[in-house]
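Structures are listed in the sections that come next.
Here subunit A shows up in two complexes: once beside subunit B, once beside subunit C.
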Partner chain A sequence: MSIALSRSRALAFSLPALIAILPFLGACFYIFRFSISGDKGTIDGYSIQPYLDLMTPFFGRSVWLTLKLAFVATLVAMLLAVPLAFLLTSLRSPLARRCLTVTILLPLILNLLVQAYGWILLLGPSGVLNSSLRSLGIIDRPIFLLFNETGVLLGLIQTSLPLAVFPIVSSVRGLSQEHLEAASSLGASQWRTFFDVTVPLLRPGLFGAASIVFAFNASAFAIPLLLGGRRVQMMGVAIRDMISPLFNWSGAAAAGMILIFITLIVLLFSSWLVRMTSENVRH
Partner chain B sequence: MRVGLLPNEGGGSYRFVIIALAIVGILISSLPVIVVTIMSFSAADNTGFPPEALSLRWYWDVIALFTADDASSAQSVVDSTLTSLLVAVIVMGISTFVCIPLAYALARGDRRIRGGMELLFTLPLVFPLVILGIAFLLIAESLRVDIGIWRIVIPHVALVLPFVLRNCLGAMNGISVEIEEAAVSLGASPLRAIWDVVIPLMKAGILAGLIFALIISFNEFTITFFMYTIDVSTLPIWMYSRTVSSLDPSTLALSVFIIVADVVLIVLVDKLIAGRASLF
Partner chain C sequence: MSTQNTHLHIDGVSKNFGDVKALSNIDLKIERGSFVCLLGPSGCGKTTLLRIIAGFESASSGRLLLDGSDIAQVPPHKRGFGMVFQSLALFPHMSVARNIAYGLKLRGVSGKEQRDRVEELLNVIQLPSIADRPVSALSGGQRQRVAIARALAIQPKLFLLDEPLSALDAKLRDNMQIELRQLQQKFGVTTILVTHDQHEAMMLADELVVLKDGAVRQSAAPSVVYQQPADSFVADFLGAANLINVGSVQGGQVQLLGKLTAVDTAHADNTMMQAAVRAEHISLAPVAQAGGAAVGTIEFMRDLGPSTEIVVAVDGESLRVRSPNVDCQGLSIGTQVAVSVDPSQVSVFKA
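For the complex of A and B:
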């Protein structure tokens, strides 16, 4: 039979897609080459000066802020994603399931500007939250939630939540019913079953989801730009500022390489964790 | 007895905490969109909450914006919407066209190659968009020729490839080799078997991938933010430049149009791949 795919035909079938992704790979290489350029504006010679120039307290603060916000946002997103995944998998009605899917998925796909408008309307000085709290007499003066870390954090949690929920949903679907039944028939309480059976079984999926959410949040740009203004200099925004007012292209490329490096470390660390924990489960 | 992760009755504090957290999650996901929708019906000029009266005036504003032939502005909303749509359609076409044969080759080919290729085509998903924007901008600037709309299309294709491939692969997984073998043993050439048997079976997955590519490209902001020029600009960029100083209610009405379009398309994708594959 001639169904078995010959090597040459497999290559021919893959070629269009490889050509389509080539510009992306080229862009990755270009940014790396620029980050070790001797000149700030063009690729010229080799130097590690762009990296040395980044060793400033300003950039250090930006890295720290990025890590902190991404970490907190990931933690909260995971805390909300697990119950959402449970709810999504236990809904019986197809209509309810579809509504919930759309509600969760929309923030990932919808134009980030529209969502930023939503947060501005919610959190602004005359926004929904402040007017409600004021009419209830809880506060006298508006509390400031926009253009600081709180606003950015909420935006990050909202946009990264779908990236956490859907991988967890597939792990939950793969969960064996017998384990849960065994735990409950042996008299374990719901909490006990959750912490001793469900979470350990889900752990590989949880680490996988958390690492993608973290990488997504650490490299966020539009949300900190729109909700944080100049006050919350996450790395994405700091890198943009190096280009737009300063024209420091090689510096921006070097900062970008550091950002890529951070996300890569997190992804590798989590895949290592997944391998470790899934071995533990098997034994 | 079926032991659910979410008990239907009883369960005490466990059930309460899980439901409460899920509700917080739903609120965080949906509140911004809901507030934008409510405020777009406000009759007032400002965006104070709650709106004192309701009206459709901002919707009429948006329609006027689209129908008025005001040639004075260099980049009108009509131009940027058309560019957005054109880019999205080209991106959709290219990404689907390249992903179908790739999904076939990965599903039928060598297992060892498959893992590596899947990883390669997932990279754009975790790669920082800012860096991608800057890198593509640097490359586009260093080119001697003006590549017009392709300066936005090429990065968008890279961006949607993971989603389209995931959907095509999901569709391929359900198609057994035997069906193809049957077609070939009945005298069809292998290529003909693919075209007449495999592709029709992949239809739902292909359509889901098409729609995914369309919505992602149409809503993309970050990379386009670096790549746009005076001649080539998309709707999200137009919205950004309009609201950079203050939020104006007619933009909210325009946002509602986008929200409705996105919701309809997501429901379509969800219907197409219902229960057979995960969304990504």
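For the complex of A and C:
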């Protein structure tokens, strides 16, 4: 009775959010409808031609590049985030904890444009790094770290890091010291405890964080545009190019649908992986 | 207590956390195969002492001698002590069998031997059919038993328990205490259990160590600690004792309820003393039979079934008396009674 009541109350309070989500669902449906339109510029009739038109080596490379960069950036962001999460939870001083939290959060607070120009100032052909290396006589010609895949990768890792850290922090907080001590009392060294107890207990949190980061990176648009300089055609950039110079609305919609579909598959796969690995318990 | 039978010697162990002295100069000899309870209120240092023994904390000074050799530098995972934690700390991502077998797996025991040992232990804890269940599907009592089995699986040199029964309800706790004691005797493993529950400690221990403010107040068999508490704290902590101010020592004696009672010669004259007498060791008699004993007035009576609880006001003190129902005929609130104690059941100590 009281549960039913609180659920209906929860529903009532969720109503504004649900209403806010509706236009988004509408947009998704609109994109889907456009992607099967018979005309490139307007919704008119039905055709799968937009999808067939995407079966080109160019678009295939774009899909592959998106998956590759999103995957590598997610992996690196996770590897960087795990020690940061442990550091953040181990800090005793509230001031130190707050300073580190704000530092990690900064990429979420700062405008992407500002961050991208920051990278350009640092790593661009006449940026801080190149000019100091040149004045030290270590290099003759600038190293090209930007306007290629490396640049995009750096940008993706940097912008998605906070999305990785905070979910991991909350699962690290949930780790009980007694579990680790229990493993130790049974004879497990520190590394053994880490792999046998810490990692499995963190696994759901790690996969959750990785899923968020992957979805964020796969749909990235500003970073590949600004740091890839058009040469790195991740799907976000490719979709924009279909719209803006080419006015191929239905093609862009179809590419968007494919991006959503791929991201969903990856997310489902990761949650399936979590379930499989925890089901291992019952071996 | 012969020295060659000492399994663990805690030799002058102290522990400071910053300026806070958690343990000061603990000296204990724990006999092989004995069941020792560290008993005390929260913050007395009992858990810290257990964690030092387990190796999760290091002593600020003093030595830990296991069979005569110092183990201070041995990390916890090489000590081979089985430990049951307050939260039990069963691994939620492993089945019951894998929890119990984990310590064996780390020791490189073969798969078949692991399975045999798990089966044997599950039989011992009377849960033969739960091997493949996830830990989350167990009841509180079952988890308890699995945690004990996991710690015993490695055939530990010492079996350490940190308030393992505190999360169970009273009835289950009683049963588990009996089971735990039986298991300990079956395995013959030297056991140290931390608790703040004096009933639990009395029930389980061969040797009771009462701690307060990081120091041992008394260490003896439970019956000795109960009958002859070393000081007023121990008497009070073990419950249901009357603490009576008996004035100062005069000629090696104090005045207890109208009678002169000899005290330990270690106490000089004029030392202020207190006496502890348990409720069941005070007897009441009609005033006519007082014969020099103190006379008091009954303030309160309650029939508790097998016995009656009576509060008697005597010499400005309220004494709790517990006496069998048959002795309480004719007594009621306001009745004057003669109050006497059996001198052999009285502990007298410095106030």
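Assorted remarks:
As a convention for this text, the second predicted complex is superposed on the first by the 255 of 283 C-alpha atoms of A that agree within 3 Å, B and C clash if a C-alpha of one lies under 4 Å from a C-alpha of the other, contacts with A are read in each partner's own complex, and residues count from 1 in each chain.
Heads up, the rule we're going with is that a contact is a pair of C-beta atoms (placed from the backbone, for glycine too) under 8 Å apart; a residue touches a chain by one contact, two chains touch by 3 or more.
Here the structure is a predicted model, which means the values were calculated and not measured.
Contact with subunit B, but none with subunit C, is seen for A:Ile19 once the two complexes are overlaid on the shared chain. By the touch criterion defined above, A:Ser93 lies against neither subunit B nor subunit C after alignment on the C-alpha atoms of chain A. Judged by the number of subunit A residues each one touches, B leads among subunit B and subunit C.
In the superposition on chain A, A:Gly256 makes contact with subunit B only, not with subunit C.
Shared-chain residue A:Gly187: touches subunit C; no touch with subunit B. When both complexes are overlaid on chain A, the residue A:Ser8 reaches neither subunit B nor subunit C.
In the overlay built on the shared chain, the residue A:Phe34 is in contact with subunit B alone; subunit C does not reach it. Comparing the two interfaces of subunit A, the one with subunit B and the one with subunit C have residues 181, 183-184, 189, 193 in common. Of all residues in subunit A, those touching subunit C in their complex are 176, 178-179, 181-189, 192-193, 196-197, 200-201, 203, 278, 280-283.
The residues of subunit C lying in touch with subunit A in their complex are 54, 56, 75-83, 85-87, 89-95, 98, 102-103, 106-107, 132, 134, 150-151, 154, 160. Against subunit B, the residues of subunit A that register as touching in their complex are 1-5, 9-14, 16-17, 19-21, 23-24, 26-28, 30-31, 34, 79-84, 86-87, 89-90, 98, 100-107, 109-115, 117-122, 124, 126-128, 131-132, 154, 157-158, 161-162, 165-167, 169-170, 172, 175, 177, 180-181, 183-184, 189-191, 193-194, 198, 212, 215-216, 218-219, 221-222, 236, 239-240, 243, 249, 252-253, 256, 259-260, 263, 267.
Residues 1-7, 11-15, 17-19, 21-22, 24-26, 28-36, 39, 46-50, 94-95, 97-99, 101-102, 104-106, 108-110, 113, 117, 120-121, 123-136, 138-139, 154-155, 157-158, 161, 165, 177, 180-181, 184-185, 190, 215-216, 219, 221-222, 225, 236, 239-240, 243, 247, 251-252, 255, 258-259, 262-263, 266-267, 270-271, 278-280 of subunit B are the ones that touch subunit A when the two sit in their complex.
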